[in-house]
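In order of appearance the chains are A, B, C, D and E, and numbering begins at 1 in each one.
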Amino acid sequence: MTVPAVLGHLFPLTGAVLVGLGLCGFITLRHPLRQLLAVNVIGAGIFLILGGLGRGEGVTDPYPQALVITGIVVSVALTALGTAMIARLSEDRRAAGSGPDQPKDQDP
Amino acid sequence: MMLSAPLVLVLLPLIPAIISFALPERLAAWRNAANLVAATVKVGIVADLLRQVRGGVDLEWRYTFLPGHDFLLRVDTLALLFVSLSVFLWLVTTVYAIGYFGRGPNLARFFGFFNLCVLSATGVALSGTVVTFFLFYELLTLATWPLVVHNGDEKSLRAGRIYLAYTLAGSAAFLVGILWLKALVGSIEFTAPPDLSAVPPLTLTLIFVLCVGGLGVKAALFPLHGWLPTAMAAPAPVSALLHAVAVVKAGAFGIVRMIYDVYGIGTVAELGLGPPLAALAAFTILYGSLRAVMQDEIKTRLAYSTVSQVSYILLGASLIGPFAVIGGLVHLVHQGIMKITLFMCAGALANRLGIKAVTDLDGAGRLMPVTMAAFSIGALGMIGVPPVAGFISKWYLGIGGLQSDAAWVVAVLAGSSLLNAAYFLPMLYRAWLLPPPERAGFRELGTTRDRMLVLPAVVTAAAALAAGVFASSSFSPLTWAKLIAERGYLQ
Amino acid sequence: MTATFELILCVMILGTACVALFVRDFLTAIAFFVVFGNLLGLAWLAMGAVNVALAEIAIGAGVTGVLLVLTRSRLLALGEEIACGPARPWLRLGAAAACSAFTTLLAAAVLSIAPGDDLAPVVDGLMPRIGLDNPVTGVLMAFRAYDTLLESFVLLGALVAVWSLAPPAAWPQPPVALRMADPAALNVAGSFGRLLLPVALVMAAYLVWVGSDRPGGAFQGGTVLAGGFLLAAMGGAIGLPRSDDPRLRWALVAGPLVFLAIGLAGAATGRFLAYPDGTAKALIVTIEYVLAFSIGVTLALLVAGPPARAGTGP
Amino acid sequence: MTADLAPLLPLAVVWPLVLALFCLVPAWGPRMIALLPLAPVPALCAALLAPRDQIARLPGILLDGGLVLGDTGAVFLGGAALLWVCAGIYAARFLRTDPRPAGFALFWNVVLAGNLGVFVAADIVSFYVFFALVSLMAYPLVIHDRKPASLRAGTAYIVLAVIGETALLAAFMLASYHAGGSLWIADVRAGLGLPGSPSAILWLMILGFGIKAGLMPLHVWLPVAHPAAPVPASAVLSGAIVKAGIFGLLVFLPFGVPVPLAGTVLALLGFAGLFAGALLGLAQPGGKAVLAYSTVSQMGLVMGVLGAALAAGTPAAAVLPAAALYALGHGLSKGALFLSYGLAPWCGRGWRRALVAVALLLALSIAGLPFTAGALAKSAIKGPAGPFGATLIGLSALTSALVLARFLAVLPPARAGAGRPPLLLALPVLALAGAALVLPVVLYPAVAGKAPFAATTLASLLEGTWPLALAGLLVIGALALGLKPPLLPEGDLLDLMRRSVAAARAGFEAAVRTGAVSMHDSQGRPAAVWGDNLARIEALVRDRASIAVVLLVLMGALLAALLR
Amino acid sequence: MSPLDLLVAAPLAFMVAALVAGQGGRWLILAAGPVMLALSAWLVVLPPGVAHLVGDWDLPLGILLRADGVARLLVPATSACFVAVALYAWHEFSPKAGAETARAHTFWPMLYLMWGGSNAGYLTTDLFNLYVTIEMVSLAAVAMAAMGSLAAGLQYFLIALVGSLAYLLGVALLASHYDTVDATLLAVRARPDLPTLMAITVMTAGLLVKTALFPLHGWLPPAHAAAPAPASALLSAVVIKLGFVILLRLWFEAFAEIIRPAAMDLLGGMGALAILYGSVQAIRQERLKLLVAYSTVAQLGYLFLAFPLIANAQNPAEPWAAVLVHAVSHMLAKAAMFLAAGLMLKAVAGDRISDLAGLARAMPLSVTAFALAAISLAGLPPSGGFTAKFLLLHAAIEQGRVVPAAVLVIGGLLGAVYLFRPLSVAFSGSAAPAVRAEAPLRVAAPLALASLAIALGFAGMTLIELSSVAAPPAVAGPVQAEPGR
């Protein structure tokens, strides 16, 4: 295997590892905000795979680029919603006087 | 009209059903009128159909429901037997229900579902394909459930639960059976029994067990009868119709269809399915009677009696002989008329005198002689005392058993008669012979409502008597059952 | 040389990601996450994807970072600790094993895909029909304009969703004030914001303009604009609007609406989201400007969060 | 006879039913009791005038049935109608103060219709219907006074009646089937005589008819039921209704073909009843009970003869007329005796002596005093009875005489102030007694083919008299010594049966209860455990991290499945 | 102009309008309802094979919109649901005391966003475009779920996010591998190699999370049960269907040729477990809305149980139709049930099943709606649910598959058990609780939906014909499709 061939896969492989890391983080981290961060890492990994595999001679395929940009915007929109929810939940918990600690998955 | 007479017949109860659901309580009189008119019209239509079918006219209405599954309504002799029974008893029960409830709560609901129930029963009768039958059979379950839980107390709710559990499980088994059969031999119409020769006997037997097991739930065949006695929590008009026509008969009718129109007697005989079924039916007959003897509540006793009596039909169907078929079919009608009489009377007693248990019956005959007279005729008919109709059924069943080399049938019939006597006669004894509790100023037929409560039972009791006395006249159930047997099953 | 650089870059990306995920202190985590985002931007640059790099740095690292920081401070103000969580050892071990297996499989799959810009020629072949030079913008605004249209609505929807979280009494108050608490800092930020807002406006306009031909475009422009708005708000240069302000609402919907209207106009003349010959560039630029403005406003408000009762700020 | 008299047969049956319907009309019901004597009139006419052996078909009724009047049937019909007429007259007076006249009239008429119908039915279905009517509808007559004793008696009656009905139903089904599906009695009887016919039919018939006719171990209802009914009802029960059972045996048993086993058993049981019935009757305190046991005894005689004839294969022509004659004589006499029992309290002074005289005459006739109608009947029936049977019959005169003497002994005393009995009560007694003493004599030639008393020899005279004389001696001796008979409860075996049934029932109920309790106990608490487990599973799958883990596992599974 | 575009564009336009209109946003349904229903009708009657490329940009790049059987069945049903839910929500999400509230304002734009998103999802064949549409729908869904319980909403949000990303990962792999994400092109190009299978795996898994197939359903019951009734209705009826439709496109269109029977059986098995598990859990619930939510878990199982049945059928058109009919009737019935449940619970001011006593008298129409919906959900005739179950059972028996047949039967019975329990309570008692009369529209909405679900039972042939329009080859003909070869 020639070096450029490996290089061609370098970023996608990094992306794959990022996906795995993010997933591991999502499983082991309990706080929703941290899980949100983990999700963002997964997203970044996916984008790297998508973009990295579209890498050609010197320039990257515009098609995956466009998809990645769309993806990034969607993911920031969702992250915004997520953070807003986390903050509001915390407020509600505080107002209800329950412990601010772990999000409890109790029945509504 | 001529072409779609079956459809009209089936859908007619929809009109009073909708009217009943829609009318507010203060227009109860209009609701009652609508119900009565519809019931009467239906009797008229059926009378006309009886004439036509006797003349050999065949009416059907077909609609492709799913690929390979036709929705077929067909008027044949067997269908008409069931339909005539149901329309007649519908009319009677409508009158009775009006008298029974007066101005109670939930009546709009009651009459609405009552009509749906009749719709389903008519549909069951007129179904021309197995799938059509299944549709109405299931619809029947749904339409009767609200009637069973009508009273809304804990007992009714429990009864409703048990009823659903049994019947839905039954129809599920039935559905599996018919789909299995369909997968093997294609679409199944009653008029054209499928060619089963290519199917392995074991498979056929299994399918038969599934179907008969499924139908046997409604027909209250022995291990599957548990729902029926608890369903007694329903008000009397419901029990009456449930036991006489709608539910149990649908199951029995379905089994008749399965044996004669789907499998065909040849196949059933080849597979040797008749004797086990007959044995089971016989066991049910005796078991139901035995249990009935032990009950104190009147309606429960009647319910076990139904368990026992409906199996007469199955016994007749499974014996596979001309007389047995006739006996089974005619019992379909006779049992209906007699049992509805009993239930209506029981309801009247409970409604007017608060009598629910056998031990409360003391002197009921003195207080409500007309009701008790009707009850007595029904009870005697059940025992098989001639000339009430039950005797005719027993006669044909017995001879049919002998024709099929099953002399034990006679013994079963005899045993059942004795047991029937054992649980009916004490009731008559109490009612007629023991002194009543003091009830000042009680009048049985004081108001119109009273009369509507009592007279339907008199009508059906008279019908039961007439069906026996004039058994061989040209419009008797027996003659019709013979016609069915001749046209269909005696080749 | 390039290879070494890229290798080191990848290692750093992985390292920062690890730290961002698993470090105990959440502020550190955020800091590393922002660095991670910027490194990713570098990676995109290394791949020659300047458009993505811009978006990643502006949105992925910048806006997300701000969001995380703001949320953290809100939670802290409410007394909530953002702990790593009491994950049981066996869970960690299992998760690590499962994720490694997954990663291995994923890596194997990735390795068996040959990288290549096979679609680039196709795109290039189509570019003349819309009269633009930047193929990414071409894909975004023409070939896959449908995606972009829906995406603009996703962004709008996200804001509506965030608004829906408003406590009943808070509607239609502005979001929590972003003003800095420290007067000195506020002063600095205020002047900075006042200065930066026009700059941001100009820069956004420029980014959109060049987007037709060189890297840049509506999203990047919108992000810059949002950054300007946010800084200005922090410095108190501008107040955040009430959510029932009609001007605000029109500003929010203007971009998606214009996009949709032009798309429907295309449908009236031929095909949904088709640009009539010769008008493509003009229409695209129009859409991009309005869209960039709306995106800017939307993003800024997304970061600001749901309407809140006065006095519940950080 | 002319053909236009044919409708008399259906009329004979329908007319009482019409009267019964009138009884249902509230205003008329109580007055219908006055019309009771009219009810059997068409039947009486039919018995005399209706064409013989000509089937009157009833299309559409039951299973296309029909009515026919045979020779035997005519004797039974006529005798029964006569008895019913007399008893009707008696009842019209006797029940004048009864609290439930309408009900009595109703069931009287219904039972009458059934009783008459049995004698004229041409097909087994009609026969069965009429038989059921007469069996079951007699129940209200038995319990008419509603006294506890009557009710108990009624219960015994109805239980055995239903068993009998059921046995008959089964027998008829089998018989009809083996007669090739024919429903005509004639065919059925012919079929029964065929070699292949199952013996069960005969046994069932003996059971069914035997119950009705009081065959020995099945007779238990009779001594309690007959006395329980009002006097006129007792009279018809004992005089006419039991005859339905005898008639059934007569009509269905395949005489002419030897049926050794069934015949012998029937004969043994019958003759056992002949003596045991009489002896048990001696031990009864009540007059009506004594009469009832006498009936058991007399019917035992007839059935014993029938059994003997059946076993020997005696042809029907030799059996039927003699038995019919005997039944006729017994029916009328027993009716008269019952009525006289009811009459006794009304008769003061000389009237009582007259009554006792009539009763004594009747009793002696029944016992077979020579030159009485009873003696004629006995001599006629000895023919088919065979030598052994004839001896037994001869001996039975002793017991019969004793039991009837017992009856005379317990005849109730006159009421205070009783004088001349009411005409409407006395007339029927006289008429019946007359008929009982005359009619057999009149009919004897037709039966025996010779003039009555023609072959009377001294030997036969002695043979007929010595038991009676012995009886007279015994009675006189007993009276002289002041002996009292041991008192037995009515219905001998009945009490025993009742007690054992009660015990069995209690045991069974206890067993059921125990079973139910143990069923309840065995229901454990697996449901709760299941619920807990399900809740735990659900809590697990609701966790985000677990979902992610599951997701990974699922991915692995999917990939594995896809790669397979 | 084509309904394919307008079905997406119109709701988005209404979203904009609702956002701008503020207080008056709810009035828009009066315009949107007829418009969308008309467009749906137009879609149904389009000639077969209608499809077009957005902006006329050709395939490897462009996006194909298509009016196939799936869309023709699901779009009208979705529209019906939305219209009914909107009419129902009319009062609930209205300005209080003349002033806008957050919910009253944001509910309506989100409703339209969800509407547009689901329509877009049904119509497109582009896998990346589908990603955007599921995000549109999820976003609105999360917000609606959060209206009831923030905790449940957050849970839903995070899990859905993971699901979306898994799906996106697959799309990324496919896009790199085949240079297209169009399902119709992939059907031609796809090869059974590791990246493709990996992509199928992660996409499927991600979508299963969104569709809440057992054992990935944990997020669903709390979220669906807590949300306000109209939101619950949309979540249970519409939202989860989108993920399922994408799965259909993947498994029977794009990768029909390379998916092996074992995978089909795996999904079928999970479906079976879902039916049993969901039903058992539903039986155990004491709260009405949780019961209905678990019923959704169970009902979703049927959709997956059908997968192996379709794949192995002699005539796959029938089970294919069955699965679509089931989706449609579940949509209608479940929406109706949630709405009716909302009315009933509001009337008694409780949330437990035992609170419903006597309601059959007090609010017969709502109970009727609930009952009709229950009939369809339990698969009792005559109803769409029955037609679907009937066809599935038929297929299972025809193929001699005992386990699916048994599960279908048992599932139906369990369904009846849990659905008739609340009804039974509603029928109980003899006194009618005093209940404030509801607005006719609110009462009519669930009733109309439930009646539709029942009415579907009478239109079996039409539904089957519709479902076969432009069906993928794997499910079209009577020719045996050999998945996996």
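Remarks
We take it that a contact is a pair of C-beta atoms (placed from the backbone, for glycine too) under 8 Å apart; a residue touches a chain by one contact, two chains touch by 3 or more.
None of these values were measured; they are calculated from a predicted model.
Shared contacts of subunit B and subunit C, meaning chains that touch the two of them, come down to D, E. This structure's chain pair with the greatest number of C-beta contacts is A-C.
Comparing the centres of all chains, each the average of its CA atoms, the largest separation from subunit B belongs to C. Greatest Cα centroid separation from subunit A: this falls to D.
Of all chains shown, B has the CA centroid lying nearest to the centroid of every protein CA atom.
Subunit D has its Cα centroid 99 Å from the Cα centroid of subunit A. Each chain gets one centre point, the mean of its Cα atoms, and the points for subunit D and subunit E are 77 Å apart. In terms of their C-alpha centroids, the spacing between subunit C and subunit D amounts to 106 Å.
Separation between the centroids of subunit C and subunit E, computed from CA atoms only, is 31 Å.
Shared interface positions of subunit D, defined as residues touching 2 or more other chains, are 542-545, 548-549, 552, 555, 559. For subunit C, the set of residues touching two or more other chains reads 87, 91, 95, 98-99, 102, 105-106, 110, 113, 115, 118-119, 123, 139, 143-144, 147, 151, 154, 157-158, 161, 165, 167, 306.
Of all possible chain pairings, those that touch are A-C, A-D, A-E, B-D, B-E, C-D, C-E, D-E. By the touch rule above, subunit E contacts subunit D in their complex via residues 155, 158-159, 162-163, 166, 192, 197-198, 200-202, 204-206, 208-209, 214-219, 221-222, 258-260, 262-263, 265-266, 280-281, 284. Of all the residues in subunit C, the ones that touch subunit D in their complex are 87, 91, 94-95, 98-99, 101-102, 105. If you check the complex, the residues on subunit D that touch subunit C are 545, 549, 552-553, 555-556, 559. Here subunit D touches subunit A in the complex through residues 539, 542-545, 548-549, 552, going by the rule given at the top. Partner subunit E is touched in their complex by these residues of subunit C: 105-106, 108-110, 112-113, 115, 118-119, 122-123, 126, 139, 142-147, 149-151, 153-154, 156-158, 160-161, 163-168, 170-172, 243-244, 246, 249-250, 252-253, 256-257, 260, 263-264, 266-268, 270-275, 306-307.
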